[in-house]
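For reference, chains read A, B, C, D, E and F in written order, and residue numbers begin at 1 within each chain.
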Amino acid sequence: MGIAESRRIGRAAILLALADDNGMDTVFPASWKYCCGRVGSMNSQKIVAALETAAKSGHMIQQGVYRETHALYHAIMEALYGVTRGQVQLGDVLRTVGLRFAIVRGNPYESEGEGEWIAVALYGTIGAPVKGLEHEAVGLGINHI
Amino acid sequence: MGIAESRRIGRAAILLALADDNGMDTVFPASWKYCCGRVGSMNSQKIVAALETAAKSGHMIQQGVYRETHALYHAIMEALYGVTRGQVQLGDVLRTVGLRFAIVRGNPYESEGEGEWIAVALYGTIGAPVKGLEHEAVGLGINHI
Amino acid sequence: MGIAESRRIGRAAILLALADDNGMDTVFPASWKYCCGRVGSMNSQKIVAALETAAKSGHMIQQGVYRETHALYHAIMEALYGVTRGQVQLGDVLRTVGLRFAIVRGNPYESEGEGEWIAVALYGTIGAPVKGLEHEAVGLGINHI
Amino acid sequence: MGIAESRRIGRAAILLALADDNGMDTVFPASWKYCCGRVGSMNSQKIVAALETAAKSGHMIQQGVYRETHALYHAIMEALYGVTRGQVQLGDVLRTVGLRFAIVRGNPYESEGEGEWIAVALYGTIGAPVKGLEHEAVGLGINHI
Amino acid sequence: MGIAESRRIGRAAILLALADDNGMDTVFPASWKYCCGRVGSMNSQKIVAALETAAKSGHMIQQGVYRETHALYHAIMEALYGVTRGQVQLGDVLRTVGLRFAIVRGNPYESEGEGEWIAVALYGTIGAPVKGLEHEAVGLGINHI
Amino acid sequence: MGIAESRRIGRAAILLALADDNGMDTVFPASWKYCCGRVGSMNSQKIVAALETAAKSGHMIQQGVYRETHALYHAIMEALYGVTRGQVQLGDVLRTVGLRFAIVRGNPYESEGEGEWIAVALYGTIGAPVKGLEHEAVGLGINHI
């Protein structure tokens, strides 16, 4: 029981977010859906919007179904906790992010009954709004969907 | 200026934490120090202590120098924000973690003047204190040292 | 000693906030002051302002006296914690609220010496800035005044 | 579209938690499941455990299915944010709670496609570990399940 | 209107907490009450308890009156935010504090109608549970009473 | 070992921030750098920017070196936790600050090996955006640099 070794959805999402060239350096079931992209902003609202838009465009979630939007939203917020480490604020505390993101949807568990889950991974830089004055940051949010 | 492509310390730390067999699937300057390990507990104090002990045993930080302990401590705390996503609490809110960690020390920047930095990466599972009732979590903290 | 069964100020405020038609479905001492209203916004500042304005217009607090404004402010903030559950942010994390609020002022304790207290209750929906993509939320803040 | 007026699951849970005698003063679909109970402690772990145990005993969630435990857990945590208002800590900051809780499971939305949701409502007192030195507190967490 | 220059209660409390020898290096109205003390612990509960005990022993608050305990409690919690800077946790994240505290009670405002307020100031060190591996920390909480 | 009695950098910074007339009422090594200033805003971004600008103008940090900006930034953020006590938000929750700040750079430790540290102290008022409806607040952040 538990998470299947070959279906670690969080690990897959992180590796996709870390990938430089969209070339896959991870494996996961072919049936899983995923999408990747980039977003940079001092405006935290824009980060959330970009992730939601990518998920919808990539058919990661069903648009008319709130429970899917809700699942995705909380996964995004949890990933942002890892990137912001304390207060989910960017411009308000004079910092900006440049992120590569990956969203993966599938069942990471051995039991089929666990159904689908969604993982949102973020990797990039956070820092002052001046090129180079930044360091890396990572976040991962996982939710049942 | 900024972070050198081949010296992304956070990326290196995350990849080390994700590695299943301690076999390296990442490259970074041979001059950098790193250590890896595992820790699992419902007690957040034990997680912090295990990371500090590993860093000292692995000669990642100078033991008699507070500034190095201080730099490491904040990197650990920031990594824990990513894992706990909201409140840095484990047993107090009835959850436990099983983590693989990596600590890397080196200069990720193109400029030598940036000196050394430390990255603490955590990857593993968080969930109820029952085997299998858990999902993955990731955290990364980076600090100048 | 303690809270008098018939003077539970928080319970009264919550019931007022839950009431659909301003019709009272709760009882509390006739000497108590209360006011109700509605506010909806993505802007957390506007929520706070609407509550403060309602409290002043409804003569819930003495306008020239800072200690009363201070007591109300903290009760509002505490109620917002319940609604936002983690970060007191709305538009910054791409969400909006539609709330019904109630503010009640009176002494909920058996002892007269406890003086007056203020309760701020919020009930409504929180969610994406799209009609229907939302769920309910509640918050209650109580302070001595 | 959206939340159905007669199926407001959060409102139902709050009213159940506020009910003094387990007598219902709210209506919701007969098909919905719910359970109520009481828990008091300075130990936040015990509060979480009591809610999880009640949910399992009351057949609110399927025990062998992690996605249901996960949904419940986050609803509990969100309800605790409302009760604790800032830091999810009780004894660690020298305070204790005495709570009545209600857990309700059902579909609050007009669309059948939204499936089931779970609401956790908490109502009671929070204060110093001395009888009477306390005020009321409320929390509500809602999640898709 | 506003805070009277010679009655800045927060400034007075901070200066008392900074004073090395209990010798006053600040002035405030002779009618004001104050007390000072020291507390050190990894246990946040003990810090809160020590401050409450000192306030009661020093007749800073009326013991049988909850509104006074409540006012003091929130002032203590706010002071702890300044000391802990992020999560109100000590031993749980493997750190300890050694603090000097001051509690001052009086009316800092020009208007008599503002009544009494309470200020809690903390000054000392926070760090690893090893002598010397620590830096200074300060916190101030102010509330109407 | 540890902090030298005559080189308590946090105490020095706080006393400078409390000083009414820039006249020093504290002593610290002549070799230390420091600067003081004032800033008031509802916009938290402007507070951070004013402190960073003052630090650069006052040659407290080396402008081209990110590790110094990084050290300063975290010291500022930690000082803001003390001022805001819960959520690092000002205008978003309808409050404003008027602060006097001091930044001090030097080695507070007996050991030369500890190198330089930076302390950021804030003292002033926080409250409603109405003159007089405010109370005092203090924050201190310390970091190795």
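By definition in this document, a contact is a pair of C-beta atoms (placed from the backbone, for glycine too) under 8 Å apart; a residue touches a chain by one contact, two chains touch by 3 or more.
Heads up on the chains, UniProt names are A, B, C, D, E, F = Hut operon positive regulatory protein.
What you see is a predicted model; the values in this text were computed from it and never measured.
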Labels of chains that are neighbours to chain A and to chain C: D, F
Mutual neighbours - chains that touch chain A and chain D alike: B, C
Far-end chain from chain C, centres as C-alpha averages: B
Classification of the chain A:chain B interface as same or different, half of numbers criterion: same
Chain whose average C-alpha position is farthest from chain F's own: D
Chain B-chain C separation of Cα centroids, rounded to whole Å: 42
Rounded Å distance between chain D and chain E, as computed from the means of their C-alpha atoms: 35
Chain C: positions in contact with at least two other chains: 66, 70, 86-87, 89, 92, 109, 117, 132, 134-135
Chains grouped in pairs wherever the two touch, ordered by label: A-B, A-C, A-D, A-F, B-D, B-E, B-F, C-D, C-E, C-F, D-E, E-F
Residue ranges of chain B touching chain F (in the complex, touch as defined): 64-67, 70-71, 74, 109, 111, 113-115, 117, 143-144
Partner chain D, residues of chain C touching it in the complex: 1-3, 8-11, 14-15, 18, 78, 81-86, 108-109, 117, 119, 121, 123, 125, 131-132, 134-142
Chain B-touching residues of chain E, taken from the complex the two chains share: 86-87, 89, 91-95, 127-128, 132-135
Interface residues, chain B side, partner chain E - complex: 44-45, 48-49, 52, 66, 69-70, 73, 77, 80, 87-89, 92
